[in-house]
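Letters A, B, C, D and E mark the chains in the order given here, with residues in each chain numbered from 1 onward.
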Amino acid sequence: MVGSPVLLIAIPLLAAFLIPLIGMIWKESVRLIPGLVLAFMLVSSASMLLYVTNNSTIIETIAGWQAPWGINLVFSPLTGFLATLMIFLGFIVWLFSYRFKRNVDFEPAKKYFIFLMMLVAGAVGIVITGDIFNQFVFIEITSISAYALTAFYTGRNSAEASFKYLLMGSLSSSALLIAIAIIYSQLGTLNMADIADKMYLMPTGYKITALIFFFMGIGIEAEIFPLNGWAPDAYTEAPGPIGAAFAGIVVKAGVYAMIRLVFTLFDIPNSMQFLVVIGLVTLIVAETSAIKQDKLKRMLAYSSIGQMGLVFVAFGIGTAEGVFAALFLMLNHAIIKPLLFLSGSYLVFNSKEKKISEVNGLGKHMPITSLLFALGAFAIVGLPPFSGFWSKLSVLTAAANEGMILIIALVLIVSVVEIVYYFRVVNRIYFFEKSDNVVVQKPRINAMIAMLILGSIILVIGFDPDIVSIYLHKASHDLMNTREYIDNVLSIGQSLTK
Amino acid sequence: MNNELYEILRYGILGGSILLILIGLYAALTKRSLIKIIIGLSIVDGGIHLLLIGIGYVKNGTAPIFSPGFENSTANMVDPVPQALVLTAIVIGFAVTAVALSLVIRLYRHHNTLEIDEIKNLKW
Amino acid sequence: MELILNILGAIATIVLAFTVGMSYGGIVRKITARVHNRMGPPWYQNFIDAFKLAGKTTAINHGIMQHFGPAFIMVSSIVSLMIVPVLNGGGWFENLNFGGDLIFLLYIMVFGPLGMALGAGQTGNPNSAIGITRGLSQMVGFEIPWVMALVALMVQFDTTSIVDIMRIQNESGTWMMFSSPFAFIAAVMAMLGMFRYSPFDIVGAPTELASGPVSENGGKYLLTMMSSGSIFAFVKLTLYVDLFMGGADNLIILVLKTFALYMIPVLYGIVSPRYRTEQSIRFFWGWPTFFGLLAILYAVFV
Amino acid sequence: MEMIYLILVLFLGGAVLTWLLGKISPIIRDILFISSVIIPTVLFFMNVEVGHDVSFQVLGYKLSWGISYLAYLFSYIVLGLGSLASVYAVAAMKGKKNLGFFYSNFILSIMSMMGILLSRDLISFFIFWEIMTWSSYLMVVFRGKDVQKVGIKYFVFSAIGAYAMLMAIVIVNSLTNSLLISDLVSSFGSFSLSMKWLIPLLLLIGFAVKSAMMPLHVWAPGAYSNSPMAFTSMFSGALSKMGVYGMIIVMVSLVSYIPNGFWLKETIAWLGGITAVGGTLWAVAQDDAKKLLAYSSVAQLGYIIVGIGIGTPLAMLSALFMAVMHAIFKGNLFLVVGAIERQTGTSNLTEVSGLIRKMPWTFISALFSIIALAGIPPLGGFVGKWMLYESLIGSNHYLLVIVVFFSSTAAFLYSYKFLFGFFLGQEEKEWSHIKEAPAMMVVPMMILAVATFVLGTFPGLVLNPIDNGLQELGFASTQGRYWEMSALFNEWGNQVMLQPLVYAIIAVFLFFAAFLTIKGFKHTRYVTTKDISSSGEVPKEHENLTFSQNFFQPFLRAVEPFMKRRIDTYYSGIGNGLEAIFDFTRRIYTGNGQTYALYAVIFIVVLLMFKNALFGL
Amino acid sequence: MKKLIVILLLAVTGYFMVISFMDLGKDGPVVKNGVKDFYLDKTVSELKVANTITSIVVNFRGFDTLGEVTVLFLAATALGGILYKKRHHVGERSVLFPSSTIVKAGSKLLFPAIILLGVYVFVHGHLSPGGGFQGGTIIATGFLLMLLAYDNFSVSHKVLSYIESFAGIFFVLFGLSGMFMGKTFLENFMPVGNLNDLFSGGIIPIIYILVGFKVAAELTGLIYTVLNEKE
């Protein structure tokens, strides 16, 4: 055993409780400790990921009760991959916001970092837990952290955004509870593997109703249309790095929950088509909404939603290739969109309105940030040789292999729309004249490092996608093999039976 | 407890829970005051908790507590799991409500109103 | 030895073309004058002019391009003369015609106007430039029916060689103007523009523009241009004769045929008022093009 | 290390180093720039052999690099023009801002073009294609003019093309399970009929965009005229040829196997013809030399497309020859405009005039290129045109001949306009201080000018490699049948002997040049262009004698009906309409939290109502 | 209009919920050997905890509870963050009208009793209905009463924070110590004693007591924060 998945949850919790205490003694610790915790989580998660890629899945039981009875954590290639990705992004966001100018002098700084850490911990929990009610709890942890972070800046419209988020979030948790109630009433169990194992026993009517409520509950977190009204607001009003965290962490957790349902828990084949359709609708609505945006972050938010739609389309293809493509897309999106948010947040740092027109001509004044933004824009629209291209290619290949030619066409048409609005911004950055009342904010060194790390990952994956493809292949294999998942979870439990 | 009474009780609980959910949703969807919307959401939560309790109920059930004198009544005990879940759900619901109310305070500070229709600075 | 003979033949051709062209020019002036009820100059007036110009010293020039412009024009005239077979069966006047490729001819023929345009352009006289733009525009106009006619011929005989076309006419005994009448009509209508007599003389616009492109040129420049124009007229006429009238077996027949052809634009011109450029372009894209189309259809289906 | 890797790595590394180290000193930057173009070029021609492929795997896709004879031909264009343009660029761009960025993009676009030529599989083809697109896009917007309009238009059209291509690529991958071009060609016969149509069509859209075929050409004028001229020379000369390259492969290797694919070829040929006419007409109407040349490029590419569409060996030969020639003369003309723009600060034909005595070398190279462009013998342009006409007539495309001929005649108009506008006419005082461009700019231009002459006299120099390429595509060898070192033969055995012609032309020219010069020239007095007789009067000094406004007004009036409809306006209409629709649809995000909640309820109601239809088992 | 749509939608929702849910749990789960029986069995045989719900909340599904506690903690923290104002903006607590003497006296009387009840409830959480959450809430109501009755009653934020943090830390540490004793996270590592004894159930009552403290402190803190909000 190389590590324990439970530590990924327990250590941040411990730290969260500790920070207020230590913070009274040593002020700097409120900023530093979350970073250390995230670093520890990153190391631990990465080493476990290496282990599970080459060996078997790590399954950890909690409180000593075997699988169907107790809660268990599953660190499989899929969940491990996503968890590592989220923790990595959490770390990057921490690095970026460490001594972020805005919150450095504020008392809530300590809260900011606690919430950030808990956001990551909650998202990791969503991914690695093997119990649906436990997942619900982690969704709530993530959501509350997200509400708080969205409303972090006073004096903006952030409370409004947060309230919308909260309104939708509580609808989501209601729907989730109803769905859990239905499942429990029929199957008498809450363990995912056990549910998946017994799902064939469940009456069809209940099964579908439960699935629908799950779709609504998790769909709100995963930003599918029409449940994503909160998302643009939240992305826009949250601090820049938090937008990155939303795009890279929270949504990914939602998507994971969704696909776990569709692929593992429920055996309804039509739900795949549903994913494709809802994904396409999300993609089209979001991307077309982005084209006329005049606020930078809002545009990025819509783009992020659109990309999630594309992820759902890729998952909905339903083959191992499709899953691979979708995971690849998630990976790339999780790297690129945070980069865009981070660099974008510096581009419009001192502006009140955060308008796109305010980035005019910043290419000369903040060259590296602008370059990274441009790199991100190039990558996200799928231009080779950057990483986004390979995932787009994988998606299209997978779709083509299933004969979904119309879908390919639609996805590509939407990509053109994407190009239009991203390039408009890039053009403004580089080829317009800066207006005099825009005050340039140079990024701090730590923020710069964070962005450069993301940028270099884009280049590395772009030039050699095979660096990550082995993990992605393992992960997609893991998701596709429901039986293996069930057997793994249930058999580990048996071996520990008292 | 005879069968009919049990049925009535069960339908009462479930129907009541559905009614609560609908009432809560109605409030959340039509009321314009933020406070009322939050109240609506709380009612929805209450309905769902009732639903959860309802599904764990068994005929002639007793509380799942092995107090002295009840050690052997396992067969009649109601399902303890939904109750445990409800406990968790209530706390979470409470936490969300608290955050919601604090947001309402912030919104009132910022907009000087509680009308949800007028809090539309972010759109499109 | 053969080379020297060839060169001698070429020089003879040039002299012939120069003489014939100059004479035609004089005759036309005379005829026009008579029709206009004037006396007109004698038919050899052009020769007199030429000698006078040759004797004059060129006083000024405006630059190197103007200086070489006439040479360019001459290149065009003489090289196209080299390609057009003058008489049936070759002999002395065969020159360079190696089958007389029509497409090549078409292109080398525009070399001249371009050289003229360049030379005239450098003089800086706005009238020259205006004349050139009109001339080029008009050329675009009449090239269409002209090429259509040529394509019809090429289609009909599956060759682009003037020599072959002449040979086929002689073998069958029918002139192209009868076996391919629409092509002939289109070609003749194009010819109206090619000679730039009225109504298509807006290019030169003798009265308003001070003779258009050639203004600012005097002495040897003008001489070269004049003689080039005469040679060029001969080339065009010979080409028409070759293509549509079965060529000529000897020089006398050639002169007769060419003169007959020459009368068409001249006589049409005498009785017509002048077109504006766009009007003339539209004219060429009207009936002549229609006949050209007919000619091609005729060639394809008959 | 394989030479192919080394070459691409050198380009890439050169691009990065030029950018990074260029910040240190301009001299280092210039040296790095030129050497990172020249060194791989030399390596390529010395070491890369046809038929030596290297392959490797990425993400499970098998990629393969190597060079074919056809690609080798195009590599002459890319590397030759690239080297000359890069030497030119160093002098032309001196003192401009952001040069490191410019140079590295320049290198990147050369690299991507070489990559395209080296790709033996569709994925790497596409990758390099896209790199080419964005690097050229960055060049288009480099000067920061009309960025949002022209730049986006270029990129959107390129993206539409590229994505059409990508769609074809993934479909091919799903059908053949391989991405090698050779596999596609060999298994194309076994595809279903719909796929047989779909795949070439999609690929053709991609290539048609780059080669600016109507109706996908609308990006070209803006993009060509907007980028720095040193690059436009590459853009129009080499980059657009990549579309031609792809089109040739598709037309020959795929379309020939479609049942009734004949119609597709005809359509392409006709579209090419329309492109040629439309491009020419619009070129005549332009007053800006860049725009004029841009439209002219569109028109010239139209001829090439006609040749490709016809598809007979002679037509292919002519298309490829014209491709090479177009690269030379159009590349050169853009360089000329660049030189003029650098010296005078404007490229507007109505503003500049009479530069012939100020910039004689530039004028000579422009003259040669224009003569080649107009297709007038004895320069190289004629050879291609001649073969095109012969092949068109030979393959019974009579109407197309007329169309092409019309366009090529009308081309004289803008050719003359170009020369007259810049070099001839009045020598205005305003431009009296203008000097000839520096030698580093003039030499590349002169080399290209000489090349037009050499290729016109000895077309075999290029026809030989073209023949190799065509044989590779499955055509019978044309060697010895259609051409020799100095003579052109058509299909009926007619020939045009180029060398005697050239000699004759030179002889006649020399004779008359001497005739005009001897005795006379010494005595003639050079006078300024103001010193003219205008209708018998000598104009005054202050009179404006420059004729440049409404240059071809009568002609344009005549063709007005053809030019009334601009396809451009339709596109922008569609674009604006779509944006308006999107602007409307995004209003579903009303901003009211309650509405979002309502959406959620609607969502669940709809799903519940149709649950059996949606998820019924 | 909007109301009509909503009513219509809700009617449809209600219809589907009725037909879906009315039979829920009627015949028990389709799977007869659910986790419930296992819990009922093990809580007596292994954990020696009388209140099955407590054993589920704290032990079988203890991880949920840890999350739940975290949610509360986050909510309390979030409240502080959301309502944060710079120091000089914080004013006095708003008092609409002063409470009467009866209320004041009564509160003083009731307060110790309420606290005692709360402590009883969470200490006996493993034996009888109740537990940490319930007990904590009761204690918090006591403080609420005092806060309402006395304008100047104040609780130390610092102390609350200490209690909150230490309770949380110990909860996690207990969980981790289970792990470090060679078992799993949150697993019981203490002797379980006898059923229905006060000291039984291993770490379960201890954790529940910690939860009780934490909940009490957090709720009190929440109330205090909101009360201090002044317009």
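Note that in this section contacts are C-beta pairs under 8 Å (C-beta built on N, C-alpha and C of every residue); 3 or more make two chains touch, one makes a residue touch a chain.
Because the structure is a prediction, the values reported are computed rather than measured.
Student: So if I look at the partners of chain C and the partners of chain E, which chains show up in both lists?
Tutor: Neighbours common to chain C and chain E are D.
Student: Considering B-D alongside A-B, which chain pair is linked by more C-beta pairs in contact?
Tutor: A-B
Student: Among the chains, which has its CA centre at the largest distance from chain B's?
Tutor: C
Student: Relative to chain D, which chain's C-alpha centre is the most remote?
Tutor: E
Student: I'd like to verify one number: the distance from the centre of chain B to the centre of chain D, where each centre is the average of its C-alpha atoms, in whole angstrom.
Tutor: Taking the average C-alpha coordinate of chain B and of chain D, the gap between them is 70 Å.
Student: Whole-Å distance, chain A centre to chain D centre, using C-alpha means?
Tutor: From the centre of chain A to the centre of chain D is 44 Å.
Student: Could you state the distance in Å from the CA-based centre of chain B to that of chain E?
Tutor: Comparing mean C-alpha positions, chain E is 16 Å from chain B.
Student: Suppose each chain is reduced to the average of its Cα coordinates; what separation in Å results between chain C and chain D?
Tutor: A distance of 36 Å separates the two centres.
Student: Going by the contact rule already set, what residues in chain E reach two or more other chains?
Tutor: Each of 6, 10, 13, 16, 21, 24-25, 28, 35-36, 39, 61, 64, 67-68, 71, 74-75, 78, 82 in chain E touches at least two other chains.
Student: If I count partner chains per residue in chain D, which residues reach a count of at least 2?
Tutor: Residues 586, 589-591, 593-594, 597-598, 601-602, 604, 608 of chain D each touch two or more of the other chains.
Student: Can you tell me which residues of chain C touch two or more of the remaining chains?
Tutor: Residues of chain C never touch two or more of the other chains.
Student: Can you name every chain pair that touches?
Tutor: A-B, A-D, A-E, B-D, B-E, C-D, D-E
Student: Inside the complex, what are the residues of chain D that reach chain A?
Tutor: Those in contact with chain A are residues 57-60, 123, 126-128, 130-131, 133-134, 137, 141, 144, 147-148, 151-152, 155-156, 159-160, 163-164, 166-167, 170-171, 173-174, 198, 579, 581-583, 585-586, 588-591, 593-597, 599-600, 602-604, 607-608, 611-612, 614-617.
Student: Taking the touch rule as given, give the residues of chain E at its contact with chain B in the complex, in rising order.
Tutor: Residue positions touching the partner: 2-3, 6-7, 10, 13-14, 17-18, 21-22, 24-26, 28, 35-37, 39-41, 43-44, 50-53, 56-57, 61, 64-65, 67-68, 71-72, 74-76, 78-79, 82-83, 127-129, 131, 133, 195-196, 215, 222, 225-226, 229, 231.
Student: Help me check something: in the complex, which residues belonging to chain B touch chain A?
Tutor: 21, 28, 34, 37, 41, 44-45, 48, 51-52, 55, 81-82, 85, 88-89, 92-93, 95-96, 99-100, 103-104, 106-107, 110-111, 119, 121-122, 124
Student: Going by the contact rule set out above, which residues of chain A touch chain B in the complex?
Tutor: 133, 137, 140, 143-144, 147-148, 151, 154-155, 157, 159-164, 166-167, 169-171, 173-174, 177-178, 180-181, 184-185, 190, 232-233, 236-237, 289, 292-293
Student: List the residues on chain B that touch chain E in their complex, please.
Tutor: So the residues of chain B in touch with chain E come to 10-11, 14-15, 17-19, 21-22, 25-26, 29-30, 51, 54-58, 63-68, 71, 74, 77, 79-81, 83-84, 87-88, 90-92, 94-96, 98-99, 101-103, 105-106, 109.
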